[in-house]
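These are the structures in question, set out in turn.
In what comes next, chain A is part of two complexes: it sits with chain B in the first one and with chain C in the second one.
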Partner chain A sequence: MLQVNDLSVSFHSRLGQNRAVENVTFELKKGQTLGIVGESGSGKSVTCYSILGLIPSPPGHIDHGEALFEGQDLLKLGTAELRAIRGAKISMIFQDPMTSLNPFMRIGDQIQESIRLHEDISREEAQKRCVQALEEVGITNAAYRMKSYPHEFSGGMRQRVMIAMALATQPDVLIADEPTTALDVTIQAQILRLLQKIQRERELSIIFISHDLAVVRDIANDVLVMKDGVVVERGAPAALFESPSHPYTKKLIDAIPRDAKPWAREHSDDAPLLSVRKLNTRFLTRQGPFWKRSHGEVHAVRDISLDIQKGEILGLVGESGSGKSTFGRSVMRLVQAQSGEVLFEGQNLLALEGNALKTARRDFQMIFQDPYASLNPRMTVFETLAEPLKLHRIVSSAEFTGRVNALMDEVGLPRSATRKYPHEFSGGQRQRIAIARAIASRPKLIVADEPVSALDVTIQAQILKLLLELSKEHNLTMLFISHDMSVVRYLCDRVAVMQAGELVEVGATESLFQSPQHDYTRSLLAAIPKAAH
Partner chain B sequence: MLSFIFRRTLAAIPVLFLVILITFILVRLAPGGPFDEERNVPPQVLENLNKRYHLDDPIHVQFFSYVGNLLQGDFGPSYKYPNRTVTEIIASGAPVTIELGFYALLFAIIIGSAAGVFASLKPNSWRDYTPMSIAMIGICVPSFVMGPLLILCFGIWINWLPVSGWGQNPMDKLLPAITLGSTYAAYVARLTRGGMLEVLSQDYIRTARAKGLPEWRVISLHALRGGLTPVIAFLGPAAAGLLSGSFVVESIFQIPGIGRFFLQAAFNRDYTMILGTTIFFAFLIIIFNMLTDIIMVWINPKLRQESFGK
Partner chain C sequence: MTDLNQEKGSSLSQDAFRRLCKNRLAMFGLSFLLILIVLSILTPWIAPYSYEAQDLYKGATPPSAEHWLGTDVLGRDQLTRILYGSRISLMVGFIATTVALCIGVLYGTIAGYLGGRVDSIMMRFVDILYALPFSIFIILLTVLFGRSLLLLFLAIGAVEWLTMARIIRGQVMNIKKQEYVEAAVSLGLSRAQIIRRYLIPNALGPIIVYTTLTIPSVILLESFLSFLGLGIQPPASSWGSLISYGVETMEEYPWLLIFPGLILSLTLFSLNFLGDGLRDALDPKASKD
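On to the complex of A and B.
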């Protein structure tokens, strides 16, 4: 179907030339899926973008190679000829369905635009095709939903819309660039099944780009492993998993969290460190011409009671919108809960105000999902780490440097990096800084809200390992919020499952994995890619 | 939608009232009075004048009678032009000033956004630097320099365009509109460039290109709407600046707008005239800012649904 030979792409900058893709060769067969796996920056996306002429040029430049499709070399086509293929015969879907659709246009218009661009058909005909395309990806009431804007859909639904848009023109090849990375595990499983179903029906060829080998194993017939622009290994996914020959492939496989927690924690039977009783958090949605009347309410956390023992890591799992983050934030007093008690060492946090709350905050800290957005970009790492020390008067200012250096050692960052700003670090390093900030005040409780969801699998494995080590070393108690069951299994002693604001199941990790009691827990477990089982 | 406008209109009333109150107090705090420049006015005459215009009443009485008249659309008599009321002067000059402001704004939007889009397509190349440098000059050169310069070039040296007047010659509105609009065109250009650069790096632009859309359609259909958002936000303050700043251009080109009266009234301590023109401008500025807010919400589907319902 598509044959790429000896493709090399480089980016030119003032600092010199940087080879992003080097001598990449692969073949995509009709009706099959080719997986391309690698970390961020491994050149997997650049490879596919260059085939369609989508890399910005300059600075990007295709040095040599060919991409044969239907007897033509795509790399030698003029812009107009390439445009006739782009979106018509070779379509793309992207990682982030939140930002990849135009927020100003109705989704029906966006899909019809694609169809009418490549085919000379009437408006009515295009509308019909648009409805068909949306129905094919499982969007009900498509004729009506066509008039909606992207923000009216959930993340998974938007990715369905993206797929509908890409496939409405009946392409032969679909390039899927990390199509499920931004989605919850359960939604990821749905999207993967959808892609497989459409592939069978249409004999579609798919290039599936991902950083997650476990996902690729479930869907691909053939896998390329890329590192630093070079294909380091290729083969059938099962064989690759059985006997990886390149160390990098081994590293990717090892990074998949599939083991149970490496050691069991000794439980103390003392009073729990944190004891939540009948916690309720509601958000009011307001609307009205003058005096905003409450219009409805979202009951995000319903009557939740939960204990965390000292030294325990409790996993809190659920899909987006299940209320797990709101629960975490209510406990931290970042969101105001309406009723209930949060007893922290016997003291009700919900009743604290002003200075008492400030003093108490020293003992509970938070790590957030997005390490890009949750660090102040105008503060150096030193300033970020010294701030909690200063605020809670933990050490005298003379000892700041020593303390900050010790924190850097603990999270595995070089001491010399304290003078740098957050943008000078990679995603994984930033999350290390965020962890160092959280443990700076030597808290007793850490609430970690999806701390590894935005990271590549290999980086995720490193961060999880770090969290595990730190928790052992400092006897940290942690509430670990995640949508990913396999991550939770690796890290947590006990797991609590939330659905639609309610707690549906709590249990010790292994027994919950072995014999889940609730249907929802079972569906979460079923969504884990096979390779991670 | 209607309730949104209604709400904004209600909110404008206290703002307008405050403008009236503050202006009323400030003009009376300024030293001198409306009749100070009249030569050798006998004290008796001055007293009669003050009596006639109720300037000898306590200030709060004056204020409330003024507001009472205002509610009936009466801005009061001009102290400087005894034969005409302030209402008449505003009614005769305002359409001219508004027309001039409208052309200037049109010029600013068309030229500014075109230059901004052009610059954003090849950032950090000569195609970017050239229009942006011109824009920088446009921002730096004040209209009292720009006006005479344009007159010199187009009116005198190459003699294409009339140098003054309003409405006597179809082309005589061109130079004043350009003079007044050039600074704003420059701002619009910079804002458009920034907005477009931001939007062009968005993921949905990549999607549009991956669909196979030609570049001009990517720009015009997908990028422009988001790219012009900062420009639209700027239009309210820009319209305000254009209107209240028009007196310079009106003086240079001998245009019978109200900008001149606005300025002279301040020098003459022509209380009612100052108040009248200030209230009039404040009213227009509030209207324009309200329009801007409505458009801002309207072009963003998410905000539109939150504020107006479907």
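On to the complex of A and C.
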């Protein structure tokens, strides 16, 4: 179907030439799925983008190679000819369904636009095809939903819309660039099943790009493992998993968190460090031109009671929208809870104000999901880490340097990096900085809100290990919020499951994984990719 | 880097200054402005003639060895009048812009950060001021307080801050949703500290760009007010008044328009270069070489 031979792509910058893809060769057969796996920067996306002429040039440049599709070399085609193939014969879906749809256009119009761009058909015909496409991806009441705007869909539904849009032109090849990375596990499982179903029905060929080997294993017939622009290993996924030959593949497989926590914590019967009693958080949605009147409300956290023992890591899982983040933020006093108590060492955090709250904050800190957004871009690492030290007068200013260096050592970053700004670091390194900031004031409790879900699997494994070590070393108590069950299993002593703002199940990690009581917990567990079992 | 440097941790402003020094266009702009400022301060001592000395017999003459930039219809030395004019124009430009900047940034940041009802009230107040016709506002002020240069600064500043406040508010509303601001809250920083260390530095880009756009518009606004008889009165001069006078006599005595126009455009260029340079220098992401 698609045959890529000896493709090399490089990027030119003032600093010199940078080979992003080197001598990549692969073949995509009809009705098959080719998985391309690698961490960010491995050249997996660049490979596919350059086939479609989508890399910015300059600085990008295709050095040599060919991409044969229906007898013609895509790399030699002109812009107009490529455009006729792109979207019509070869479609793409992207990672972030939020940003790849035009927020100002009804989704039906967007899909119809892409159909009519490639085919000369009437408006009515396009509309019919659009409804069909939406129904095919499992959107019920498609004729009505067509008139909705992208923001009216959830993340998973939006990804379905993207798929519908990509398939509406009836392509032969679909390139899916991390299509499920931004989604919850349960949604991810649905989308993967959907892709497989469509593939069977249409004999579609799919190139599936992912950093997650476990996901690729479930869906691909053939896997390429890429590192630094080079294909280091290829083969059938089962064989690859059984006997990886390249050390990098081994590393990727090892990075999949599938084991139980490496060491167990002795249980203490002391009073809990954090005790949440009947916590309720509601958001009022307001509307109105001048005086915004309350319009409705979202009850994000309903009557939740939860204890966390000293030194325990409690996992809080659920899909997006289940209120787990809001719960963490309510505890952190980042959003205002309406009622309930949050007893931290016997003190009700919700009742604290002003200076008392500021002093108390020293003892509970937060790690955020997005390491690209959680560091002030205009402060150096030194300033970022010195901030909590200065604020809570933890050490005198003469000792800042020593303390910051010690923190850098603890999270495994070079001391020389303190003068740099956040943008000079990779995602994993940034998350290390964020962790260093959180532990700078030697807090007792850390609320970690999806701290690894924005990271590549290999990096994810490193960060999880770091968190585990730190929690052991400092006897940290942690509320670990995540949608990823396998991560939770690796890290947590106990797990609490949230659904639609309510706590549905709490239990020790292993017993919850072995014998889940609630249906929702079971569906979460079922959604874990097979490789992780 | 040396240990000493690391101990202090290089702050944004030090880094920014270092980067600014490497930007040639910005340095050109900065030096031009500095020279202009020094010249206008020294004007009373270095000006070749008095700004009001007339020589009616001579009338308008083109540039010559005696009068480098020529004379106007009343025989006054053009160079002297431009130098005196730059005192007024630069002062109006910088002071009025500073007034606008201070009020606008503070007001916009507070409105944007607090949000909700406070924001609604604060922004509706801005809307009301927007709706007042500017010239009527100025006339009213002059009637109430008499005519003075200080009032002119305040009046212009009081109008220009509105747009500034709106721009900053939008920026801040965006920035406050970022996780690093939440992180700052959870560290325990106070509102004032967050505004100072997190919100304003991250809104600097648009602030600087808009400031460099405000200074020239303020300089021109002064000439409009002078034309209405509310600003500078002859025989005192400003760039604005020299230009509007030059426009009237453009066909007979082009040098009366060319020279003040030239100096104004050079100043605007310099400001833009400097502004762009500052924006890049203050953004750690812009470059690291």
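As a working rule, the second predicted complex is superposed on the first by the 529 of 533 C-alpha atoms of A that agree within 3 Å, B and C clash if a C-alpha of one lies under 4 Å from a C-alpha of the other, contacts with A are read in each partner's own complex, and residues count from 1 in each chain.
As a convention for this text, contacts are C-beta pairs under 8 Å (C-beta built on N, C-alpha and C of every residue); 3 or more make two chains touch, one makes a residue touch a chain.
Remember, it's a predicted structure, so these values are computed and weren't measured experimentally.
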Combined model on chain A: chain C and chain B, fit or clash: clash
Which superposed partner A:Ser374 touches (first chain B, second chain C, both, neither): second
Contacts of A:Val298 with chain B and chain C, given as first, second, both or neither: neither
More chain A residues in contact [chain B versus chain C]: C
Partner chain(s) touched by A:Leu68 [first = chain B, second = chain C, both, neither]: neither
Touching partner for A:Glu383 - first (chain B), second (chain C), both, neither: second
A:His118 touches, of chain B and chain C: first, second, both or neither? first
Which superposed partner A:Pro103 touches (first chain B, second chain C, both, neither): first
Residue range of chain B overlapping chain C upon superposition on chain A, of 21-29, 57-65 or 111-119: 21-29
Footprint overlap on chain A, comparing chain B with chain C: 290
Parts of chain B lying in touch with chain A, wherever the complex brings them together: 3-4, 6-7, 10, 202-204, 206-214, 221-222, 225-226, 299-302, 305
Sites on chain A touched by chain B in the complex: 52, 54, 80, 83-88, 91-92, 94, 96, 99-105, 113-114, 117-118, 149, 151-152, 162, 165, 289-290
Of all residues in chain A, those that touch chain C in their complex: 290-292, 329, 332-334, 357-359, 361-362, 364-366, 368-370, 373-380, 382-383, 386-388, 391-392, 400-401, 416, 418-419, 421, 423-424, 434, 437, 441
Contacting residues of chain C [partner chain A, same complex]: 1, 5-7, 9-12, 116-117, 120, 124, 178-180, 182-190, 197-198, 201-202, 204, 282-285, 288
